[in-house]
Structure formats: C-alpha cells, structure tokens
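Structures follow.
Shared between the two complexes below is chain A, which pairs with chain B and chain C, respectively.
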Partner chain A sequence: MKPSPVSNCERRFLLRAIEEGKRLDGRQCYDYRNVRISFGTEYGCCIVELGKTRVLAQVSCELVPPKPSRPTEGILFVNLELSPMAAPGLEPGRQSDLLVKLNRQIERCLRNSRCIDTESLCVVAGEKVWQIRLDMHLLNHDGNIIDAASIAGIVALCHFRRPDVSVQGEEVTVYTPEERDPVPLSIHHMPICVSFAFFQQGTYLLVDPSEREERVMDGLLVIAMNKHQEICTIDSSGGIVLLKNQVLRCSKITAVKVAEITELIQKALENDQKVRKEGGKFGFAESIPNQKITAFKMESAAVDTNNVEEQAEEIITKADPPSEVFANPVLYTPGTAQIGEGIENSWGDFEESEREEAAEEEGEGDATASECQKMEIEGTSIIEETKTDEPILLSDSEEEEVVILQPQELPKKTRAQTNLKQGSTSKKAFIKRRKKKRAAH
Partner chain B sequence: VAMELWGYRAMGGSCLRPFSCELGPLSRPDGSAAFLQGDTSVLAALYGPAEAKGNRELPERAALEVLLRPKTGLPGVGERSREQLLRRTCEAVVLGRLHPRCAVSVVLQVVADGGSLLSCCLNAACMGLLDAGLPLASLFCGVTCALHPDGSLILDPTTRQEQEARAVLTFAIDSAEKKVLMASTKGACSMEEMQQCIAAAQSAADTIFQFYRDSIRRRYSKS
Partner chain C sequence: MAARGGVAVEERVGQVVLPGDVLVVPAHPDEDGERLRLGAPPAPHTRLLCGPGLRRCDAGLLVTKCGLLRHRQAAGGAYWVDSQQKRYVPIKGDHAIGIVTAKAGDVFKLDVGGSEQASLSYLAFEGATKRNRPNVQVGDLIYGQFVVANKDMEPEMVCVDSSGRSSGMGIIGQDGFLFKVSLGLIRKLLAPKSEIIQELSQLYPFEMVLGMNGRIWVKARTVQQTLIIVNILEACEYMTAEQRKQAFAKLSGN
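The block that comes next holds the complex of A and B.
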C-alpha cells in the first residue's frame, strides 16, 4: 500500500488553524489526548491507546548467560515494530529511518535511564541472568508513537511477573506459577515521554501532536521525565532553532503531564491487581465496553455434536469405493508411448524417411546393398501418394527452401502438385547426398 | 450456567468458548476487526482495494496479501504457512475479479494465544473483510476440533486441551453450502474421526454464523 500524501490545501488549512490557536480535534494547545490502558490475561501484556494511536506491548523473559563486560547484570531488550496494519505506508520487516529513530528513543528512555534494577535480574553471577524482552507493536498510527510506546513499555514492565528461581549450590531451579508466585521486576521510576511539535519556526507549540499535525510540523521535541521531575532524555529532531526559555517551558509542561499519566498508570495497575486477586474476570474481552454498538459478545455456546458419528458413518458408506482400475500403458512401436486404453495415436504414422532411419538405427551394420532397394521402395511410395492428391508435409527445411527458389513455370498447376514433384525430385537428391555422406564416413 | 455447560461437555457434547467481536476498532485501516475466542484474541486490519505496488499487480483480479504478525519475535515458518492457508481461504470467497490490478492487504496481529489460534485468525479475517465491505461470494468461519486420547471430541480447544489432544483439526467452513474451504490437521486420526470432526465443525459453524449475523445487525442497528 502506498502512503497517502497531505495536500497543499490541507497543509495550509492546518497551519492557519494552528495560528488561530485551534486544533482539528478540538483540543487546546497544551491538551493531551485521552490515555486508555487495558491488560491481557497474561502478565506483561497491555494495550495503550493514546487517542486513536494504539500500541500493544508484551514482555517475556528467559535465562541467558550475561554480557562478559557486565557479569552481574540482567539484560533488557527493547523492540518496537511498526506493523503494516498501523498505516498504509508501512512495510513489514523494513528498518525505516522512523523505526530506527523510535527504537533508539525508546531504548534511551527505558534502558539508559536505568528505570529497571538490572542487578536484581542476576541469578548466578557470570553464568545465568534474566533477559527481559519487551516487544511493542504499533497497531494504529494517529501520531505521537513515541509517547504511546513509552507508556505501553513501562506499563508492560510494571505488570510483568517473572518466574521465581532459587539457587542451591550449583543448581538453579525455576518454579512454575503453580509452585511459587511469580515475582514482579523491581522498578526504580517510570520515565514517560512527552512530545512537543513546533510550527512556524518555533512560534507555535502543540503538545501531543496528531498524525496530521506531525506531517505539517517544523520540528519535534521529546522530553522523557519521571514523576520526581528528573529528566531522563531530551531529543530535538532539528530543523528549528530552539530557545532556552522554550525548552524550560516544555519541561514544565512535561512535569505536569507526567504526573497525570503516572497516576493513571498506577490506578490501572492497581485495578487489574485487585480484579485478579478477587478472581474476577480480566483480559481484553472485559476491556471492550458492553454498550458499544460496534462490539458484540456471546456467552459460551453449546454445539450439538451427538449425531456427528451417524453423519460421519453415512458419508463414509455413501462414498464410492476407490477405483482400483489402473490404465496400462501400451507401447505399440518402439519409440512411441501411449497412456490410456484403446486410444489411437493421433499423431499419424512415421514418415517413410523416418521409418527408414529407425530401421537403419536398428541394424546399423547392414550392407549398403540393401539401401538401393530401400530407395526404390521410397520412390514408389511417393508416387502412390501423389495419386491421392494430398499434400505431403515436408519436414526438411532444405526442401522447403528449394520450393521458394523455384520459379513457377506452369501457373495452371496446383501448388500441391508442384510441391509434390519438387518434393519427390529433391528427396531423391537428398537421399543420394546422404548416401555420399555415409560413404565418406 | 457454567456447570450446565461442563455437564454438557462431559455428556459427549461440546461447546464454544465465549466469543466477542469489535468491528472497526482501528481508525487508519479501511476495515478492521478484533475477534476474541475465550482467551485467544486476534486483531485484523484490511487495506484496499487500492493501487498495487510494483510487480504485485495482477491483470485480471485483485492481488490478495495476508500478513500474520506474532506477538513476540519475528514471523517464522509457522506464520508463513498460516499466512498461505489464510490467503487461499480468503481468495476463495473474495470476488477479486471486480477489482482487477488492485491490491488488498489483510494484516492479522496475534494479541493473545489461548488455543485455536488459526480458527480465530480465520474469524477475524472474515470480520475484517465484512467491515471493509469487500464483495464476497460467501462468508467463512474457522472451527478447531481436538481429539482427546479417550476418544471424545472437543470444539474450540484451549492451549492445554490442544497439548493433551491426539490430533487437532482446523477447518474453514463457507456459509453458503457449509462446505470445507480449508483443512489443516496436526496429529493422526482415522477417516471416521475426520468425518466426525467435519460434521461437528459444520454444526458449530451455524452458531458462529449466527454470531456474525448478530454482530453485523447490531453494528448497523442505528443508521
């Protein structure tokens, strides 16, 4: 699918609206879109919706040997995928500039800010550590992927539980969830990204740009911060000259937004925890609101499968037994094969010369005397054929050349007849030539 | 109700897990659907019919492309083979000749795997096609049957039931004549058992098509 471009009128319209302090979705300049968090049935699985932008995150873990440079630290691996379902221009498995940039930003936000205590992921120093893998998929692209992904990433990491392990001497035991309750990761703080879009060389500023706004913006500033107002990363896309007071203003806005989002995340996590403890229903099915007109739910439905055995028997008895007649291939003459029963070969018999050749091939050491006879036989057969008034199909290209070069002396004669005559004469000549050739051999 | 159903299952009958479906959850694609069968959840998005890219264009019909994205890691051989099965099934019902030289791409994202994943993918793909309003010859649904070692037949099995089962069979059934559009089996079973599974899948298909009909009716109840 090809990406859809933004038309000039659309661009002008958007920019003029921004100059007037209006946004297409009715938000104010500093408004953030609604954030909705829903959890799956497994631990470490969540979907975060930022307006219409949607990101799916899943955390998984495995025991691996640590990096030689850091033998006592676990590994955090972060990967964001731009699924082709998110927007028409995205291709699967392609490392586009946007994808590389986003992955690097997420990595800096989550890994380099040391929000996860990697030392607690060490099982046996220098031998076994936990590798935590965070997979994120962009499901719907409506702008501000980085904010949605950073929220989804940190929520999934907070929600995740790894299997409990115990070390006794050299032996490492990994307990299943039935044996021992899985343990959560130890998380120091929650870094959250907030994006600012700049227009008209930094004159106008919008928080949380939508997809359309991102396409007409001049520059982007991303600030990652935790609720203690510690800046984790700052990333400016370039393209605009940022002033000192602008960065300061943006970081103040970030502090407010991060406090709001952190509170929401904690509430969502607590809610899910409570439902799981009480044994209530949880998972994505529960997060679809019942009153939504586009959603429909069906309770577990019984299917009558009591008569399937009778039905199956009926079908099998009705079915024809497999046919056991197999066609025998018939070989009439050496060199021709035929498949099927009693079917005549429609390709016609051998031409005389071919038969001759075949015979020659069979008895290669024959005396040359018999060839004279053969020539005679051929001559008669050609005469016979002329009587039937049928054109002979001459297979040799040499002979056809002769036909073309021969001037037509008698226009009254039909073409077939001339052909025949020439054919017969040239054929004889041809055979003679061939004889000479053979003698030379 | 749950006890009754368990009793029913023990009697030799079988039941489908709770189904839910949301039509058009995504704003960007031309059609999208989220389909949930118990704990299994698949999100389908559809783009097209639109201009085909490069050499993918076919002169006489629409080129259909199915992509299946796993939840963790990169798509492997299993995903590729499932993509082929899904593509063939969709091609059987999509009236592609109405859109020559166009491309239709169906992207399926596994959101949660709790067993019967392939049948959930089929159902999500069909709902996605319906939401996009693509002309179809008929609908299709996916049904997974598991044959338990004790000989009982389980419809719509969970991951655990699939692991315990002797054979797992997945069928795609069309809505017009209840014929089998696609069959994929894992494990060994006899001819009789296979026919029993098809018969069971056909009767389960009735329930699923009724679910399709009800959700579409609800979707267009206010116009």
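The block that comes next holds the complex of A and C.
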C-alpha cells in the first residue's frame, strides 16, 4: 500500500508553524521526545520508545569460524527491519532506499565505531569466534527511526549476556546459564545518533523530527556521538548546503542530548539489574498491568495554551514601534545614500562590507546564509540591495534598500539614527520592509 | 471457541467481543430450533440487520472485528461491532476527505486512505461543465461523497448531491491543517449532538471538516489556535469524558 501523500495545506501549515517556532506536539525546536526503555525477560532484548516511534531490538549469538582476514576477531552483525505493522506505507522484505540507508547508518554507528571489543569474542583463534547478531524491528513509525534504532541497538548490546566458554586443549566447552553465569559483552563506548531536520534551505533547524516533519523537511543531518563527545559518524542527506557553524552548533546540541540519553540508558540498565537480582517482576511483564487497551498514552500539556490571545496582545503592545520611514535619500558621502523604512547604517563603512563580501566569496558555495548582493543599474542610479539571512537566529531577516546617487548634490553628513535593534528575536523583526525605489533626478 | 459458542447475542450487547466469537441468535419459539430467523423472516418486523464486524455463519453470527457489540431496536433490530480501527474501507454514501494525487485526463485520483485510490470526475462539481473546469491542483484536499464503493471496483467520489448542489462538498481551502484520528473517534464526533464538538465550539471560532475516513481538517484564526484544536482532538482519543471536561475547563479558564 502506498503511503498517503502530504497535502499542500499540511506542508504549508507545518512550515508556517516552524517559522513561528512551534511544533505539532508542542515541543521547542531543540527538544527531544520522551525516551522510554523497557527490557524483555531474556537478556539482550529491549523495546525503545521515542515518542510514538518504537523499536524492538534482540541480540543473539552463535559460534562461527572467523573471517580469514581477521582470525582473532568476533563478528558483529546488525540488521534493521521495517514492516507494514509500523506504517502501512512500508513494505516487508523489500530493500527500499530508506531501509538500505538506515541499515548503513546503524552499521556505521555501531560497528565502524568499534563500540564492542570484538577481540574479546574470540574463542579459538582462526577457528571459533562469537558472532553477535543484533536484530531490530520497527514496531511503530512516527519519525526519527535512526535515533530510536541506535538507542535500542546499543541498549540491547549492553544488556546482552553471552554463555561462558572454556578452552582446554582442543576442547571447547560452552556452559549453560545454570552451570556458569553468562558474561556481558565488553562495550568500549555507547554511540548514539541524534537527527536534525533542516527547513527552508537550512534557515530553521529542528531536533528529533517527527514523521510529518520528516516529510516536509529539506535536509537531514545525523550525528552519532558518545558521551566522551567523540563523533562516531556524521551523515548529511537531502542535498542542502550547511554552514560550518551550523554543523558545529548541531554537534554541540548532540553532545548535550547524548549525555542525557546515556545517563538514562545507564539508569535503565541499573534498574533492570537490581530488579532481576531481587527476583521481582522485570522485563515486559512489569509493564503489562499498567497497560490499557491503547498502548499509547497522550502526554498532557503538550501545547502551551495559556492565555493565547492575551499573550499576542502583549507582544504587540510591548514590541518596538515601527521604525521611521525616510522619504528622502540620506546621503553620507558621494555615491552613498540610503532611503526607505528603518534606515540602518551598519554598512556605512563601505570598505568593511566589501571586505565581508570578499570573504564570502572565498567561502564559496555558502549560498544559503551568505549576504547576497544584487546590483541594479537604472539610468543614473544604482540600487543596492543587501540581504542578510542569519541561518540560526530564527526570526531575524533584514532588508535594506539603498539608493546610490551620483555625487551631484552636496553630501549631507547627517547619519540616520539607528533605531533598529539588531539581533532582537522579538516577532517585530518580521515586519516587512517596503521597498521603495527612487531614481535620482 | 467452543466455550464461547453458545452465547446469546443479547447477553453480549455492550460488551467486548473478539474475532472468532460466535453469537447465537435466538430462534422464534414457534419455529424449530435449527432454523434461524435470519434465513427467511416470516414477518418483516423480525428481520435482523448485520452491521460492520459481524458475519452470518451456520451457528449464528460470527464476529470479525474486536470491539463493543452494539444493538439498535429500530426496524427489527440491528447488531454491529463498534471498533477503533484506523484502516478505512470505503463505503457507499460516506463523506470523506481525499488528497488529489494525480490529474489523469478527465478524472482526478484521490487518496482517501483506503487500499485503492478513488476517482473523481471533473464534472462532479457544482456548476462544472466541459468548459468550466474546477481549479484543482495535485495535493489539494477535496471533501466528497462515495457513489461507488465495493470490493471489486475502484471507488468513485462526487462533490455534488443528487440535485446537483454542492451542499458543503468541494475543494477545501488552502490554509488549515489536516490530521488523522481513528475511525471510532470520527464516528463519535459525527454523532448528532456530539459532546466534544459542542464543548469545542465554546472555545473560539474555527472551521472543521470531518471525513469518515478518519481525516480531520481544522482551521482557526492563528497557527497556535489551530494547533490547540489539533492537540485536543488527538487527545480525545485517549481521554474519558471526565478527563476531557477537565481539560476543557482548564482551557476555557484561561
């Protein structure tokens, strides 16, 4: 069955909401959904819930001959499956692009980062090693599969216990759990993926996109990191151009989120360990009595509904009055004048802006957030338009309209007072500046 | 199943039934026990209707969906199962919201959430002629009614009633937001004098379109207000009447 398409009104509404800094479930831009980890009765089985996205992970192991190229190393095999149970649009058993991409990312996150000590999985060099198999199933799809799967994968690996073995001469003995306690895998570190969705060519950024946000996003950046702030993989898809400071900002956010999630995982593992020792109810059995007919519970107070209208009024009254309109061009120096609403003389030093321009040209390809300068020649006047788009400050876009005159008039040295607060994040900044073109003479 | 086999249908009304349950329809006292009333009704008022989720079998009624068994006494009595499923199956006469996926010649293809796409002729709009085509783009939302819906044919929708009037159907505006809820909630909302709708309408003005296929389109004055309505309606799925009243009281108190 085909996934249902996104209608125009959904797309428009979501983008408009994101522009206003609002999300469907009432989260802030940088908020992660609630993560819930529950364990199965057996070792190495867990379900991770990220909001409504659910991933089941199960680890198993068997003794196999090693790869000829690496005779002393165990093997880690990772596999993620999508089924129509998660979303009707997903097909079973088919290697869709999404599935291939997800599997590759998971593999890079878990295997290539060498989070598991594979050498400790060797039993007899060149003959017998443990193959650890990590199977993951998507049970429900509400966006950001990769984060949920990476958490589920690493939790299941941490939780797993393999049977103990002993080697006496040529003989290999595998002990049952009754004979000897199973041993945990040795985990070096816990890589966790954090996804960032970009909208409007990187102007807006959301952490942990939901399914509908994923459908209208322009690009996705996935960063895998461990709690020591070491980046394990980084993957950008969707074909958008990202600036250096955007990537840096994302990695900083990742560090914070990974620290939180790692702590949560460790707490969950400790809890489970404790309960198992005490012999109480553990695993999925523990959660059964609480579950009603509907497995999902709606989180309360998702959207802040407190006095919506009053707040809007307040914002309007508190906001700065609109800046003055300068009808006549203000001339600083020959060839440099400004006209329009809210004249702002930050670019007054012509050399500086030129220097910036040159610097921008060096950093080629940064088209998204760089100053774009357009020169128009109309008769004797040159209209220069300077557009500054700051990618991260979510509500700051300025437009200036500048009329450059030929030096025929006496240069007026009066500088316009700057009454536009730069960098103010209030909604006021959204007021559109009207363009006024005026040819001199 | 054998244990469940002999349950009379009256006893289970209002209770949860599961697929595979067999409900026995009591036979007429003047008839022999083996023949059911269903087969050949002696009088019209004893005719029994089998609603969604029920199927006739040798022993009586076979349940095919899980949910609450309902009964209505009108016209001899009707039994059906009220389930909370999400998958929509088109039914003739239902009003549904479709998303235009393609414009193929003189028909539009609509995604209605069913297994197959529905078709909609461009002439099936109010006032549409061969010259005067409706302005429909791919991705637009259309509120229409099913005129053909059976398991062997492609479902077909129209946006006019039998007298050629639109009566509320047609293209839905460009603004607003579309989201999905379960079919059970939609039926609850569409019920005459639905409490949820009445309570919602006291908050602030907004527009809403409810499709029987589980889709709801909402538009309020601001993005924030639309988001609030969306969240309330999604939450209604999991709230009891009391919890809902509390939530509304909290909202209107502000």
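Please note the rule applied: the second predicted complex is superposed on the first by the 287 of 441 C-alpha atoms of A that agree within 3 Å, B and C clash if a C-alpha of one lies under 4 Å from a C-alpha of the other, contacts with A are read in each partner's own complex, and residues count from 1 in each chain.
Just so it is clear, contacts are C-beta pairs under 8 Å (C-beta built on N, C-alpha and C of every residue); 3 or more make two chains touch, one makes a residue touch a chain.
What you are looking at is a predicted structure, and each value in this text was computed from that prediction instead of being measured.
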- Query: Regarding the shared-chain residue A:L24, is it in contact with chain B (first), chain C (second), both, or neither?
  - Reply: second
- Where does A:P88 make contact in the superposed view: on chain B (first), on chain C (second), on both, or on neither? both
- If you count the residues of chain A that each partner touches, which comes out higher, chain B or chain C? B
- Message: Just to be sure I read the superposition right, which of the two partners does A:G40 touch: chain B = first, chain C = second, or both, or neither?
- Response: first
- In the superposed arrangement, does A:D135 touch chain B (first), chain C (second), both or neither? first
- Based on the superposed arrangement, let me know which partner A:Q168 touches: chain B (first), chain C (second), both, or neither? neither
- Message: Is A:S7 touching anything from chain B or chain C once the two structures are fitted on A? First, second, both or neither.
- Response: second
- Intersection of chain A residues contacting chain B with those contacting chain C? 1-2, 88, 293-294, 296-298, 302-303, 305-308, 312
- Message: Quick check: in the complex, which residue numbers of chain A touch chain C?
- Response: 1-2, 4-13, 16-17, 20, 22, 24-26, 88, 293-294, 296-298, 302-303, 305-308, 312
- Item | chain B - residues contacting chain A, complex | 1-2, 5, 8, 12-29, 32, 34, 36, 39, 41, 43, 45, 47-48, 50-51, 53, 67, 69, 71-75, 103, 105, 107, 109, 111-112, 114, 153, 155, 191-193, 195-200, 203-204, 207, 211, 214-215, 218-219, 221-222
- Spell out the residues on chain A that touch chain B in their complex, using ranges where they run on. 1-2, 40-42, 45, 47, 52, 54, 56, 58, 60, 81, 83-88, 92-93, 133, 135, 137, 139-142, 283-285, 288, 292-309, 311-313, 315-316
- Query: Any idea which chain C residues touch chain A in the complex?
  - Reply: 84, 87, 99, 101, 111, 113, 115, 137, 139-141, 172-178, 217, 222-228, 230-231, 234-235, 237-239, 251, 254
